[in-house]
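In the two complexes below, chain A is the common chain; its partner is chain B in one and chain C in the other.
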Partner chain A sequence: MKMPLILLLQLGWRNLWRQRRRNFMLLAAILVAVGGVVLINSLIRGFQYDMMEDAVENLTGHVKVLAPGYRDDPSIVQGFELADGWQPSVPTAELEGWTRRVRVPAVVMSERETRGLNLVGIDPADERDLSFLGTVAMSGERLRDADDSHIVLGRELLTQLDTKVGRRVVVITQGADGLNREAGFRVIGAFDAEGTALEKAFAFTGRTALQRLLDTDAVTEISVRLTDDAHSAEASAELARELPSLQVMDWRQLEPLAAAMFEYSDAAIFVWFLIVMIALAFGLVNTLITAVMERVREFGMLRAIGMRPGQIVLQVLVESTLVMLLGLGGGVVLGMGLVAYFADGIDLSAWAQGVEMAGLRSVLVPRLMAEDVVLVTTLSLVLGLLGSAYPAWRAVSVKPLDALRRGT
Partner chain B sequence: MADDVVVVCRQLSRIYDDDGVPVNALDGVDFDVTRGDFVSLAGPSGSGKSTLLNLIGGLDEPTSGNVVVDGTNLADLDQSQRSDLRLNKIGFVFQSYNLIPVLTARENVEFIMQLQGVHAAERHRRAIDMLSSLGIGDLGDRRPGELSGGQQQRVAVARAIVTHPVLLLADEPSANLDSKTTEGLLDLLRTINREHGVTIITATHDPMVMSYARRRVHLKDGRIESDERAGALTV
Partner chain C sequence: MPTDAVSVGHLSEARKSPPLLAAIAWRNLWRNTRRTWLTSGGVAFAVFLVVIARSFQDGSFDVMIDNATGMLTGHAQIQNVAFADDPSLRNTVADASRIARRIAGDPNVAAVAQRGLAFALVSVGERSFGAQVMGVEPDAERVISTLPALVREGTYLEKADDVVIGAALARNLGAHVGDEIVVLGTAKDGSIAAFAGDIAGIIDTGIAEVERGLLQIPLPQFQAAFGLGDEAHAIVVRVHGLDAVDAVNTDGLGDELDYLPWQRLMPEIDQTVELKRVGTRVIFGLVTLLVTFSVFNTFIMLVYERVREFGMLLAVGMRPRAIVAMLELEAVWLAVVGVGLGLLVSTALVLAVAQVGIPLPDVGEVLRQYHLPDRIFPSLSTSAMVEGAVLMCIAVPLAGLLPALRIVRLAPVTALRSDA
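For the complex of A and B:
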């Protein structure tokens, strides 16, 4: 004989109201825990994806193509030439943008100081959607085009060189023939990146201007940015097929630390979630046991009038599932509300110095991912059901007449 | 005629363990009840009345001996089958705490029919008919907490008999009632017994309850001390 589900739900719903105060507390606990988990998860996600984007924007792109020897000897000698009108064979729907660059080590001298860095020849128009150069704060002007023979330096480097926008610096670097070139550049702009590392590491000029200085038509890298990291593997394979003599690397290989942090964040989300949920499950079990023990006479009576033990177990499970569903639903709504509230980002600039030193952004924007919400809700339900199993079993482990004897 | 015997108990014993001390709650009882009878179990406190009722209802298991209810040996049934037997053949009325607190009187009466899978419209009609035939038709929408003890007992009786059980077991049904209410309840039980042919076994200390029974069984120390028909008191 099957117990009608409607009957179970009806009983469960009314019993919920009967133990109003306790169920309200339980509900509030689930609500806060789930809401908190959803918010914190999306903050961790925000941090995680910021980190990936920083890595990608850090002139890396999702995928990069280099000459095989360039990583050991990063000079123009390890450059390669591309055919006219060459295009990466990545589907346009997956392609955010791409560019070719010349990146060579160089020494920059002002009247007072000398610094070593990477001099990068860029196509300013390409970089707009590709790297941090598109969005970075600038004082002075940006490079006009690939032919622009001015130089853009980082703000920190300007300070170290003790020079200013508008002044000239001298650059020494090695040409394609192996001989040193020395040239004067006027500083037209200074960029202010999130961290000082970028500001000290890079100087930019027009690509063709730099190629002229080095006496070459070669470039040293192709950088490809995709619409989604998920396409990285496929795009890498495609590029490797297209350019068999070159080395194709994705951002995970180029930025192993960031990639490791990215993986670690996945684990952090899961661990954090488990800790909260296990704590919650203990509270749930405790509350349910008290609730069940208080109603032991009722369960005895129900068994006396012909309810099967299994049906009583089911009833307890239905009741706790109802509380959990309410709490989970409310918690997800609360969490999404919090995420929406912080949608503009949480300003960490109070600790900005430490944050910038760590190379992180000073505004943390939460990133709500559907898969995280699904994980939170399903795992909570499973944990909750497991947690209710014991109290439910307690409800039927008392013999009906022992139950009825109590309190008489 | 075996057909007319609803309950057969043979050499029924139940030994409880009271902190290591064995308590002979029932001690080799032979006890049969014929169909349509109204039996009262009397005896001092601790004599084994409730124990016997619980064993007959399959709520407890004998240490030794046998219980057969309406042709079914309870020893052959598992927990769920015993639940089903109670659901379909046995009505219970206890001293107190008979009703599901979150359901109204009518819903309580409907509950067992719901478990049995009776159709909604029919179950509704039967519950309302039953409540009004017990004189509490106007209380159907109240929850147990809004009913007096006597009213609650009536609802419990209504629920117990609405499914036409073979057997009604009542353990101290009048313990929490005043004598006037008790009389009303007993009139009700007598009517059910006579008009619906429901066999009733009740455990009681209450002389008034005993006076309504057709057969009085006296227990002492887990044994049957006397067993008499009260023809003169009933019609």
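For the complex of A and C:
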């Protein structure tokens, strides 16, 4: 006897309705598990990509070029000069933006207080698409151009220095000749980086204005932002070929903490999925086994009238796969619904400092990724098939005659 | 079926005697061994999960808090109330030595150290950097902070004009042990504060962020240079055991001073712990929900299969309520088996792993930055054991109740006729 698959499907579908309460509960469990996993995955992805973007935006870029000695001795002495009209040799389609900066340690003094920080000379126009400076909230004014000799400080630093926008501060830093420079800067703006450490770590002024103060034409870094992190390795290699005497580093090397957390998140997604699915598997196997054991007589009869063992196995698999598919479909929809519901983000500001230490933003926005949904769906189907293997084997392991003789 | 006979035969007694009902429920549970193991396996997995997760977290949190407070911050500090918001030189603790002596007399306190804090320009030769200058009592620091033990080159503070600096700062300044170092800042009265000394030692913490601006000098020299009297900015307290931090007697500190336990000094540590606990709860909640579904389904199947048996029991005079009670007892047994199994396996695993610890992958500064050790030792979380057990012992009977309640609507005759 040959049975076309369509018939098996029909039979399977009807069999499901024979025990609708039980199958409905199984469906609900799959729904909750898949929906939950999709939401949790999206939250972890949201966290992961926020962290990478923050790492990249905190003046790092995807790839950075430094003088070899700069990381040990971050001063203008470790600067390098770029030819006029130099452009990074990264395909324009992959390039989001790039800039050169002068970043030197400096001491800032107001009338009352003294603080240490990194003074960064920037090209304001370049930074717009490149770093947090493009989007950060500001009070007062932004820097006009690379020649602007005013200074922009963090809001928190302004409070600590006990000064205001419009007042002057004195900056002491080391010039290209190794001697100290002291200069007055007027504060024209304060940036508000939501209370993060950035506010205390950085002050900004125009690049050429800072170069004049330091008596140099050199810069200390080139920062390149790409359209996608996937191009980082390629772009690093390209830049290293182009600038052989300099050190090319991508954000993973510059921000090892963020990179480690990024890798860890990939693993975390898999672990959470496994945990939830194991919890689901107990109920799944349980229900499927019962469904088979109840029907031992039925299977015996089918065998007696000539159905092949393989076809019976197939039928059990078809039934479990149908439930799994229904649950998966519904679960993915549920998960997407939850992601949409939380689209404005989950407010974590109650744990603000812990959140910052963990590299999170204070509002966590879930990020649904198609490949995660595919992964969850595929693995769930595999799991469903594995879970029904034992019940299916039970269904054919009873001899037809014994099965027919059984009481139940 | 012989098993049915057992329950029917003892029926009259069962009504009077709950222990017998419990015994019957126990036997009923093992009529379908496979199903019982699968359902209680789910329960066990949930309990196992929460105990393991929390034991590992608790183990790493204890070390994290210890490392974080031990390096510099201490378990608590006494500061001027204004200092937390405005860490400026003028917000001092007056009469610092008297207050330090008083706090040191508290039986909960293990050690006390006074510190002065100021930001200043530090120069070696032509090079200058900004640094957080710390005036310290060397002998007290040796007890309260791990920094003196981390001196890589030279010695910790011994003479009056000794200075110790962080390795990153030394690198930036191009400084070595024995070099003269000059500290320039603003004194409390607005005049210039100056101090010159010799580098006695270089501290290597492995955390660039800490040591880039780290510089310590003896407290008396600090007070003299910055125009302070018997004043300090923080009185650092170390207690006997973290729990004692709230037991320290802080009466009589006055309105000017604040006693800040580590949770307020390092809110990020406390909140990280809290955040991870919330994460564990979410996962455990989802797993519990799934296990509840599984139990619910088990009881739907179980009630369905035993309709004839229940019909018979009803026909010979057992009250529906008693049958529901019996089913609920089966659910309780199921929970007990699952919880017992889960606790057993997780406890064994935690205790075994606690002997050797689990090495964390070495990712450079990451672990140190998180104040984590390179190997974590789980510490068995009894609170998780209780929480998991209680939750399951509530959830499982609750999940079984709804299907069991169908018995109440069961008419004995139709039930007996049922062919299931």
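Descriptive notes on the structure:
Here, the second predicted complex is superposed on the first by the 394 of 408 C-alpha atoms of A that agree within 3 Å, B and C clash if a C-alpha of one lies under 4 Å from a C-alpha of the other, contacts with A are read in each partner's own complex, and residues count from 1 in each chain.
By definition in this document, contacts are C-beta pairs under 8 Å (C-beta built on N, C-alpha and C of every residue); 3 or more make two chains touch, one makes a residue touch a chain.
Since we're looking at a predicted model, the values are computed, not measured.
In the superposition on chain A, A:I122 makes contact with neither chain B nor chain C. Look at A:L66: by the touch rule set out above, it reaches neither chain B nor chain C.
In the superposition on chain A, A:L198 makes contact with neither chain B nor chain C. Once the two complexes are laid over each other on the shared chain, residue contacts for A:V332 go to neither chain B nor chain C. By the document's definition of touching, of the two partners only chain B reaches A:L7; chain C does not. Of the two partner chains, neither chain B nor chain C is touched by A:V219. More residues of chain A lie in contact with C than with the other chain of the pair chain B and chain C.
In the superposition on chain A, A:G36 contacts chain C only, with no contact to chain B.
In the three-chain superposition model, chain A touches chain B and chain C at no common residue. The residues of chain A lying in touch with chain C in their complex are 19, 21-22, 25-26, 28-29, 32-33, 36, 40, 72-75, 105-109, 112-117, 159-160, 162, 172, 174, 178-180, 256-257, 260, 272, 275-276, 278-280, 282-283, 285-287, 289-290, 294, 348, 351-358. Of all the residues in chain B, the ones that touch chain A in their complex are 50, 54, 57, 59-60, 79-80, 83-88, 90-92, 94-98, 100-103, 111-112, 114-117, 159-160. Taken together, the chain C residues at the contact with chain A in this complex read 34-35, 38-39, 41-42, 45-46, 49, 86-89, 119-121, 123, 126-131, 171-172, 174, 185-186, 213, 267-275, 282-283, 286-287, 289-291, 293-294, 296-298, 300-301, 304-305, 363-366, 369-370.
Residues 1-4, 7, 11, 14-15, 17-18, 297-298, 301-311, 399-401, 404, 407-408 of chain A are the ones touching chain B in the complex.
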